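Once you scroll down, you'll see the structures, which are given as structure tokens.
Look at the two complexes coming up: chain A is in both, with chain B in one and chain C in the other.
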Partner chain A sequence: MSTDAVARARGRVGKPAALLEVRSLSKRFGEVQANWDVDLTVLPGTVHGLIGENGAGKSTLLKMIYGVYTPDEGRMFVDGAPVAPGSPADARALGIGMVFQDLRLVPALTVAENIALALPEGPRLRLTQLAARITEASEAYGLAVDPSAQVRHLSIGERQRAEILKVLMTGARLVILDEPTSVLAPQEVEALFGVVAQLRDRGLGVVLVTHKLGEVRAIADQVTVLRGGQVILNAEDPGNFSDAELVEAMVGRRVPPLAVERAAVPPRDHPVLTLAGATALGDRGHVALKGVDLAVYPGELVGVAGVAGSGQKELCEVALGLRPVTSGSVDAGDGAAVAVPEDPVADSVVPGLTVLEHMVLDGRAVPRRGLGVDWPAVGARTAVLDERVGLHMAPTRRTLSSLSGGNIQRVLLTRELGQDAALVVAAYPSRGLDVANTRRTQELLLEHRARGAGVLMVSEDLDELIAVADRIAVMHDGHVVGVVDTAGADRMSIGRLMLGGVA
Partner chain B sequence: MIIDILAGAVRGGTSIMYAGLGETISERGGVINLGTEGAMLLGALGGYAVTAETGNPWLGVLGGALAGALLSLVHAVLVVSRRANQFASGLTLYFLALGVTSLFGVSYVSRQINAFTPVPVPGLSEIPGLGPILFDHDPLVYVAYVAAPVIWWVLFRTRVGLLVRTAGERSEALEVNGYSVRAVRYCATVAGGALAGIGGAHISIAYANSWFENMIAGRGFIAVALVIFAMWNPVRIMAGAYLFGAALSLASVLQTSGIAVNQFALNAVPFVLTLVVLAILGRRTMLAAPDELLKVFDNSRTT
Partner chain C sequence: MSQEVTKEAPASAAAAPPAEPPRRVRVRGAALLRWVGALIAGLVVFGAFVLANGADPFAVYADIWTSTLTQPGQFQQIVLRAAPIALAGLAVVVPARAGLVNVGGEGQLIIGGVAAAGVALWLTPVASPWLIMLLMILAAMAAGAAWAGIAAAMRLVVKVNEAVTTLLLNYVALYSMLFLILGPWKDPAALGQSTSVELNDAMKLPVFAGTAIHVGVALAVVAAGAVWFALTRTTWGFRLSVVGGNAEAARRAGLPVVTLLLTALLLGGALAGLAGFIQFAGMEYKLRPTFGLTIGYVAFLASWLSRHKPLPLLLASLVLAAIAVSGNSLQIGSGLPAASVNILMGLVLLAVLGWTGPRKVRS
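On to the complex of A and B.
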């Protein structure tokens, strides 16, 4: 036996065999190199934090591991044996389970039916029997969920627990959680981490994707940083790095903190937006907004916090007059309003039209030449706008619907936030953006505030709201359950409000 | 006379029930088939022709089912594989079936067949009132009694049903779990067409015992509307189908008992009833609609 082989054998004895080992994985989507030469090693009994900006390639990597995408190049090993999962069913057979960023449960089915879908069992659904097994498992892992509840009626947190339970019941030894915390209240994050720690103690491997450093510090044993599809830090101990170093690894340069100095809110007398007892129906005909009282004054930024689907969308649409109230009143004054919709692709993108054409679809005056639009003038106007806003939007000749979510968001932000209006309504303005553009968007909203506009901003990132808002309105189940002054606000008490408790 | 009307309701509602059950399966799987009327027409002619040629009405039922399945298979190819607009495909197939059956049905007009005859259920048919209403009918009526609960059971208590419902609610969840959305949708659509074909065959070989052009006379469209009223639930389809059967039988009972009512007005009753129910329910039924069906409506609007 050569010394080399002895050394290798000894190395193998010294370390536990990797649950999952990924070598030089690459994946390309058209012009985008989403993953390039990526390595990832997950050991049993550890929590592996995977961090990186939006678009860094985290989801792509995980989907290759889970058999959703086939890698262009590279190899994968489970328990040291080479594998090539061609479908999620293959991956599950290997003991890999994944909870997607956008959960994949079927809303119209019950929890038990959703779990039945994933279990390879006989042609008859034995739902009572399955429900008993679900209850048993949910007690064992501390993942409380009612097996007979229709998923449609569950909160995001409950849905997530159901998904994790499903993954565990299919026998996963490696559990992949893609950004599980971004939609949760702080208490729910703590509970989730309790479960994750328990899985680790049982010897499972967990990959946890996040972009919050605090979460990495709270739970991860190792951290891997992706940037632009490449590994920047590989399975490092997070304790060896400062926050600034980790951010720099994620972003590629230093990001100055948001300036916190800003003018005090002027005396609140003439609101730019007043909701009084506003009640409105959601798209499915249920009451989605329930007697909301809220006022936004010039020169202040009001944040809206809440677990996803608590009525934020309807609140914004009512404020903008896009959705009628069934009772109560809305008064948005007579000043113009600008808006960033919650779902830009559905609400603001016309398939087939270019970026430039979208620049005149905001209801404001358009430069004309004869009967038509003066496109060169629109182009010039847009260039000025892009310069001023500084979000570096895509070339104006591109078809907007062909761009990625983050790029679409930047075009719409440029168009909307480039206008001066008395009221600015922004739903999840930084969704899909990288750190630098998120920062710039926050600055833009603060510039509107400084100019004297009233700003209403919805976000699912509590830290973002605490950083930029003057007051935070917390929503739960269609109600505004509390309005908290940001100065001295406490994450946990806001979290309790989000979950419907009292502060 | 009430008993006559109710017995007629059961008899006349049976074809609508088969078609409605079929369309329920198809729509639960995410495919709307406006060609149901056409599948019924093909089923009526197919059933009639096979019965005429073989002398066996059960083979006629099989022929009707195959004819309906064939039309729906074309629909499935267009909308599942080619992603064509579901409304356009369904309507076009209806007109195609109307033309085809008119053309090839000519030789069967006024031809005699060995049709289904009423088979009173021993014992049960003696019950006063209930007996003649429920238990003195052709065999396809009895099969329908069983079909609705069985289809309910398959949809809600078996894996196959779960797959169909998932295809209609969130098809990507099927893919994630290693199933083929296409395969499930093809099966659901074709099964739906086969049931519509049986419904059509019931008209020609058990109800009217003859073949004539356009003999389905809108029952297929009523069945499609019925699926919405019944909120995609097979058991409610059963109740609704008999309600429409009553509207149909009212017309013929009044006529045979010599009460002078305008024939055209009577023929309009089921459709007026449809409009009234649609107006009453409004968009409420849409709450129960499979999510992927709503996408079909959305897509037809925006792209």
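On to the complex of A and C.
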């Protein structure tokens, strides 16, 4: 790793101090050099896009800035003064605020109570006073939030606004948004970007972490690209680069676009999956799936779009026969089904068992030898699968629960998508994967489709669904509120359906 | 046990970044210090208790050491005590592999003893001793399994936690036995004492030549080996650990979860019943109000100490049996009640469990 390869920011001598300046930050975890000589400069009144694949070192960089990790090497400056935040509280005191991907709000409390938790107030709780200040601040920043609303009654978008408001009210001048759009409908993304623009206009600095180029184009003034823990592009104007160039900077090589040529869905005979008025309860006993009608035909890929928690999990489990319907009917034929679980760690990972031991948990007959499992035969079978699927999963002797989310996902994808089945149910198949593996996973699903399987695929990424699906079923509050043909689909009208409106 | 610790923290051992060692070393050093400190605290607290009762703690510790570990007769006593603890401990180990908590070893052991006693009572006049012994074993295991089966059925049908039901069934077992020995099975020849009729000599478990150790001890060792094999080398054992590790993953993999849970708890009950048999036919020879007292609970602790592993369980059973036996010398040597070693046992257990428990490692 020669330092010449690292892109350096242009000198800032003689200019006003940056809001945040990070110089040569390095961080190593054992064998992994998570960050190497990373620079990042955020100016007041700008939106700085930070992009890179999973594992590129974005989280490590953010956690060092936010005081969670201590850098091995390097320096940080806030307003030109050297700082070394030792904890998130230190970082907050310096005016650095972080909006995490999994929002840190207490669902049972109101917005005002949540904000009170974050503020360094005295022993007396003055909620009415605080509520007035919240209303004032929410008007000032254009963040419409009702301070007396309970968080659990808010939509994801509203929760995010509450979280941003919380961060702003604790005095943040630099707001870091960690993949804020992954759970939002397109309309909500637009609203969020409106807020971000307003923060920029008021002179705050915003760091927007994402892996979607469209978002960088939409809102970022500058973009920094991380790859393998190193800065590849440093604070460049995104307008100077094409999409292909930015992807190449992120991935390190060209990624051919997904083939668009595809056989038409064969004439409709018998569907492989039919749901008629399917109603089912969720884990908390509420009605999570409300009278869903849906059919998936052989040789067809049906996408499922919707804001997180609209019933996608229950839809998949009902389709797989894992969750009973309380009324209506499900017919998944008698062919085998393979499934990519929506929550891999909770649904499919057994703590302490190896990758190899997980490979027999696929519902197929287990090779036996005497009273035990014929592990060498499983190993051979697994090698064939790995070769055929091409996702290069972790060595089979590794403990699965010790792997990262993306590596766990690759193991489960290899196990499930390596088999032929009449029905493939894939919930968020590309979760945690890098660009190349996401592409390979999409190809695999299309290969199953071409083979004649019916594929049901849930995704949070509307662009992904539009790229691979034949039809998109849009879910809202347990209903399938519309099924849209992908050809000629309009993102905004799908977004309106996701939010419960009329297309 | 030290290997457990390194297993808990592979990342910190193998992957400690050069700039970080101070914190990691502090963490591991602290763990060691806590353990040593807790053990010393256990001994000191018990020493204070001894002192408060007018005895010299150092003399007591020296006495425990020499009297329990340097005399062959005492060692045999320890082994005899350890055997039913180990069997009843296996009754915790097997369900634990499937994620179940069996606190019912005590009751399953008593019911096993009752079944063995019943067989002996009814068949002594009519059948040969060897046949009766075989039937006693089968009846004890079946009774223990059935007793655990009540808890299993309640868990699988009405979803009552098995830890609660197995614990409550211990009292049902104890009072059922008391009913029998106070009433129908009371030995009329035992003047005023409530016991059953003593087992005929021909049906008592044979001892190894020149020792007091009966064949039930060998049975316990063989059972531990068999359980080890079943858990680690068979498809059933593998599936059991999948169910215990993540029942949802087992369900999605199409494993027969209900059958696996049921077999684990039933096998556990059968092993505890077997412990009841060797306690009856090898040690006590008759049912009395204190039959098998606390063996099931000590076995529960032994299983936890051994992290639910069958072979270390044998060692844990020996250690706990040794502490229990040392109570006798304590009583003779320093006039303290024999039961006061239970305080030492409790303190040591707390110390060791507190040390070996898995810790949350900050990511």
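Here, the second predicted complex is superposed on the first by the 488 of 503 C-alpha atoms of A that agree within 3 Å, B and C clash if a C-alpha of one lies under 4 Å from a C-alpha of the other, contacts with A are read in each partner's own complex, and residues count from 1 in each chain.
Following the convention adopted for this analysis, a contact is a pair of C-beta atoms (placed from the backbone, for glycine too) under 8 Å apart; a residue touches a chain by one contact, two chains touch by 3 or more.
Values in this document were obtained by computation on a predicted structure and should not be read as measured data.
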| item | value |
| --- | --- |
| Which superposed partner A:Pro267 touches (first chain B, second chain C, both, neither) | neither |
| Partner chain(s) touched by A:Ser87 [first = chain B, second = chain C, both, neither] | first |
| Touching partner for A:Gly239 - first (chain B), second (chain C), both, neither | neither |
| Chain B versus chain C as contact partner of A:Val366, first or second or both or neither | second |
| Touching partner for A:Gly488 - first (chain B), second (chain C), both, neither | neither |
| Touched partner set for A:Pro395, first chain B, second chain C, both or neither | neither |
| Which of chain B and chain C A:Pro351 touches, first, second, both or neither | both |
| Chain C-contacting residues of chain A that also contact chain B | 351 |
| Residues of chain B touching chain A in the complex | 157-163, 165-166, 169-170, 172-178, 283-284, 286-287, 290-291, 302-303 |
| Partner chain C, residues of chain A touching it in the complex | 28-32, 70, 72, 322, 339, 341, 346-353, 357, 360-363, 366, 368, 371-373, 402 |
| Footprint of chain A on chain C - complex, ascending | 10-11, 14-19, 233-236, 238, 241-242, 245-246, 248-255 |
| Residues of chain A that touch chain B when the two form their complex | 68, 87-89, 92, 100, 104-109, 113-114, 116-118, 121-125, 127, 284-285, 351 |
